[in-house]
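Two complexes are shown next, each including subunit A; its partner changes from subunit B in the first to subunit C in the second.
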Partner chain A sequence: MRSKNKNGIANIYLVLVFVVLYAPIFYLMYYSFNSGGTMHEFEGFTLDYYREVVGDTRLMIIMINTLVIALLSSAIATVIAVIGALAIQHVRSRRAKNTLLSLNNVLIVSPDVIIGASFLILFTIVGIKLGFTSVLLSHVAFSIPIAVIMILPHLQEMSPTLTDAARDLGATRRDVLTKVILPIIKPGIFSGFFMALTYSLDDFAVTFFVTGNGYSTLSVEIYSRARQGVSLSINALSTLIFLFTILLVIGYYYLNQRKNKPMMHTAEPVAEAGVPR
Partner chain B sequence: MKQLINTFLAILIVAFGLMFLAYRLNSAEGYSGGNTLTIYNWGDYIDPDLLKQFQEETGITVIYQTFDSNEAMLTKVEQGGTVFDVVVPSDYAIAKMREENLLLPLDHSKIPNLTNIDSKFMDLSFDPGNMYSVPYFWGTVGIIYNPDMTEGMDFSSWNSLWDKRLNNEIFLVDGAREVMGMALNSLHYSVNDKNEEHLQEALSKLNKLSPNVKAIVGDEIKMLLANEEASVGIVWSGDASEIMDENDKLDYVVPEEGSNIWFDNMVIPRTAANVEGAHKFINFMLRPDVAAQNTEYVGYSTPNTPALALLPEDISGDERFYPPAEITDRLEVYDNLGKRMLAHYNELFLKFKMNKK
Partner chain C sequence: MKSKGKSYYLIPYYLWIALFVIAPVLLVIYYSLFDLDGKLTLDNYVNFFTPVYMRMMLNSFWYAFLITLFSLLVAYPAAYLLTRTKHKQLWLLLIILPTWINLLLKTYAFIGIFGTFGPVNNFFDLVGIGEQQILFTGFSFVFVSVYIFIPFMILPIFSALDEMNLSLVDAARDLGASGWTTFRRVVFPLTISGVRSGCMAVFIPALSLFMITRLIAGNRVITLGTAIEQHFLVTQDWGMGSTVAVFLIAIMALFMILTGSSRKGVRG
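== the complex of A and B ==
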């Protein structure tokens, strides 16, 4: 009886947390259908703002740019981060390892504005034209430390005896990597990828500095539009992007469920803790 | 492992598919052609149809980028990396860009439509002779108020703000020049006054205002006033028109002692690649029909006289945004006070903010 009661409170708490988290998003989605044109009163149902978004080619191009940058940069960053995490794990000296980790963490907590300004100066000195390349490079750069920190705990958690056993049984180095290590840290790789994806999607400060020559992303565009008050077409656009990310997550779980049934690790271990923001 | 590879392949395929789509959209719009013109403007500050129209008429493809503050724009223009052909900064930013030699002089023979601009908006202190800039939109600083909440008070003078009935009812915009200028104006001094006695007088007058001041806020002032968090605000006319769009109960007035008048202007940066096209674009924007259409879309005040005649009466006849001559004569542009004087203004404003309980 008592434990059941406790469960009830826990459930209520959980529901409350989710309400708080999702209420603003649903509020925003609700008003994207408002024919009244403001976020004050709901006057009637309309799809005008969705038509406006789809009809505005410049906005559509910017949205596609944003998605391309997010997908590519987080994929590249995750690959680099896997290699980086393996290297950090490989370092024997405790001091060197800690130094590497601290350097990684400093990049996570350093202010976006400073990273952005540094990139702007770097790119103009090196002579990289601002646009797709500069945005992609900077997004890859700020995503790597985040992905590293998501992957490392899985590596640390992995028992070293596993690799030893594999080696004893005659596995080559390559086999150990592809058949033992990577499958075990796979959840970390995916959470690193998704984390990098969200960082890239919503980053304004860094992106602002490195966009140029007609190449822009949504965060920059929405921010400069907000000066005139946010139009409901932005609500419509946000709704579309929200749905897109939900689709991504559903896709991920579908993949996981189908392939992972006979494997271990259906539940996500540790990892998610300790990342700022 | 296989799953990892498959997933990453899928991501790459989706990304390249999207890239191809963007490329198709870009070339459908003609953005990838050679003859382009890059425009750097405030967010949502032009009717997008006009960009298409310009493209159809001249064959020049417009690449349009936006910024949200003069300071942000200055950073990008100074740093280079992107080539902008036309930029739309505000008055004081133009003075600064001129000093730093960032602008190209305009060829007036290529802008015949310049004659459409009202002569009182030409040859201003930030750019004598309009060597570098052409007015795009203008506005004022004034009082926005809620008649329901202020019981018929009259705000035609700045001094009405000191009325005891307004206790804790005023929002000030967080700008040293705006707030100091308002205090100076209320004492019948210039917004560009450099006389130390006058400035101290203005400060002590501001300190007397502080019981009435609810808060000194940034851009959120629009939302706060539209939601009736207080009954009075000191704002720019552009903000005022947006607030009144949100909440039509509010009203805006430019006090009779005078006030600031501001301008956003088109300029050509020194690094421009398509100077010919930039002149064409500026000339296009000055055409009466184009300026009128743009004014209806953006909602700020146009300096274009023939365009004003094309606008519906309820826009052009609105004295709140097109004040009569006896008021416009008293409006002043902010002069570039110089670094030291500007710092002094900021310091006085800071003192006022700190004194406020």
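== the complex of A and C ==
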């Protein structure tokens, strides 16, 4: 279809896009080893900033906070999302189903600032102290819809005759759920949990609104440090996070490969893309 | 609405919808009706239509428009070329990978890259343009935002292009259409749903970014997001912040209705 020459230009364009996408990340990593203390003149190799990161108790506590919030919120969100997917499946009328789906997706398409600000009002009115609880509740809240979207297709693909058969054979509602439905939608539950996890780890804006004084997650901490200017411990930290992210992604890719499905067709593209947090 | 049988187990999900989807929106609308002293008033709405907020709104729209446009211009060819590569799923994964790295870290990197002594200014020096103030300008804000959003634009366009029936392109070419005509009359209309999804995934967040404006644009650029953050966390004027939020929600809803109705047709 195209000439060789055009292909060359095309490849250069693609390579350029990849270079621009990755340049800032590698730029950060490169200067994390700079003994000069700036992000523009590389003076010598040092691991000082890594030592600083590892030795920083406050940062360690924040990292543990972030992980605890991420794991706990995704677990809770996934459980509620399974219920949600069942609820959406449960609804018979098409209109009610669409309404429920739209309500489900509100938090996916809402800008983070709105989610953050409205949750701040909510927690203040209800009287929940800003801190661990408010952050956890918000993360659960914004993770539920994305997990529902990951689980729902699996539920819809499931043949209804399976549950009918189970009922006919005398299975109770509980048996149908635990022995038939849950095993079938397991891949969806896993990807839902994983998406919730990445959303929670990545979130900045919502958390920023609902953290009080004294409680912080990694993103909020990075933001406040970055506002004070360049500090190479952030670079060291970002390198560590990058490596951790790659491990997560490889894990997720492996999970998807096992299902023998191309990754991007398991969910709606927009949902998959989500709103950056 | 529901079939027979007990459905108590569905309660947590409905509770979530009531508490975290519906209640927050209502609360924002409710709060927008109060001024700083807690008096019930419509002043916030009157204030919103003063030149200060109108300029901010236009500014915010203009930047969001620019960010969406440039993302689209960069992403469309990239998505097109990606569908032509071998191992395209792997390349796509590599495009998505940076989105899994914290937004703030990527933004922070640009403080170094665009800084006075950063590589871009070094390059400018080298080619004789001389040192420029890049950080804390509208340009740096648009550039960094486009950088952040490109994967979110590529993804839906890639899906649309990937699902497109290639024989249609061949047919157009066989019937004598030029490359450009084929693109304009066949390829682009067939992938418009992807373009719409991409624009939606970029435009709305672009209206509400506040951390990039703070870190990169040095408060030179004020978007609706920045205004909301400012009102809620700095000046503590929740009423006015809520009013701005109400408008942002309205814009968002409008945008979703506009893009939603046409997307249904394509999916069919």
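Rule of thumb we're sticking to: the second predicted complex is superposed on the first by the 189 of 277 C-alpha atoms of A that agree within 3 Å, B and C clash if a C-alpha of one lies under 4 Å from a C-alpha of the other, contacts with A are read in each partner's own complex, and residues count from 1 in each chain.
As a working rule, a contact is a pair of C-beta atoms (placed from the backbone, for glycine too) under 8 Å apart; a residue touches a chain by one contact, two chains touch by 3 or more.
These figures come from a predicted structure and were not determined experimentally.
> Tell me which touches more residues of subunit A here: subunit C or subunit B.
Of subunit B and subunit C, the partner in contact with more residues of subunit A is C.
> Would you sort A:Ile115 into first (subunit B), second (subunit C), both or neither based on which partner it touches?
Touch status of A:Ile115: second partner only.
> Is A:Tyr223 touching the first partner subunit B, the second partner subunit C, both, or neither of them?
both
> Taking the superposition on A as described, I'd like to know which of subunit B and subunit C A:Tyr13 touches: first, second, both or neither.
A:Tyr13 sits against subunit C, while subunit B stays out of touch.
> Could you say whether A:Arg167 touches subunit B, subunit C, both of them, or neither, answering first, second, both or neither?
neither
> Hey, what residues of subunit A end up touching subunit B and subunit C alike?
In the superposed arrangement, which is not itself an observed complex, subunit A uses residues 38, 40, 79, 120-121, 208-209, 223, 226-227, 229 for both subunit B and subunit C.
> Which of the residues in subunit A end up touching subunit C in this complex?
1, 10-11, 13-14, 17-18, 20-25, 27-28, 31, 38-41, 79-81, 83-84, 86-87, 90-93, 96, 100, 103-104, 106-107, 109-122, 125, 141, 144, 173, 198, 201-202, 204-205, 208-209, 218-219, 222-223, 226-227, 229-230, 234, 238, 241-242, 245-246, 248-249, 253, 262-265, 269-270, 272-277
> Can you check the complex and tell me which residues of subunit C touch subunit A?
Interface residues on subunit C, with respect to subunit A: 1-3, 5, 7, 9-10, 12-14, 16-17, 19-25, 27-28, 31, 74, 77-78, 81-82, 84-85, 89, 92-95, 97-113, 115, 117-119, 122, 147-152, 155-156, 158-159, 169-170, 173, 194, 197, 200-201, 204-205, 207-208, 210-211, 214-215, 224-225, 228-229, 232-233, 238, 241-242, 245, 248-249, 252, 256.
> Please output the residues of subunit A touching subunit B within their complex, sorted ascending.
Within the complex, subunit A contacts subunit B at residues 38, 40, 56-58, 60-61, 64-65, 67-68, 71-72, 75, 79, 120-121, 123-124, 129-130, 134, 178-179, 182-183, 186, 189-190, 208-209, 211-214, 216, 220-221, 223-229, 231, 255, 259.
> Which residues, counting only subunit B, touch subunit A once they are in their complex?
For subunit B paired with subunit A, touching residues are 1, 3-4, 7-8, 11-12, 14-15, 18-19, 21-22, 25-26, 28-29, 31, 36, 38, 42-45, 48, 63-68, 72, 75-76, 79-83, 219, 222, 242, 245-246.
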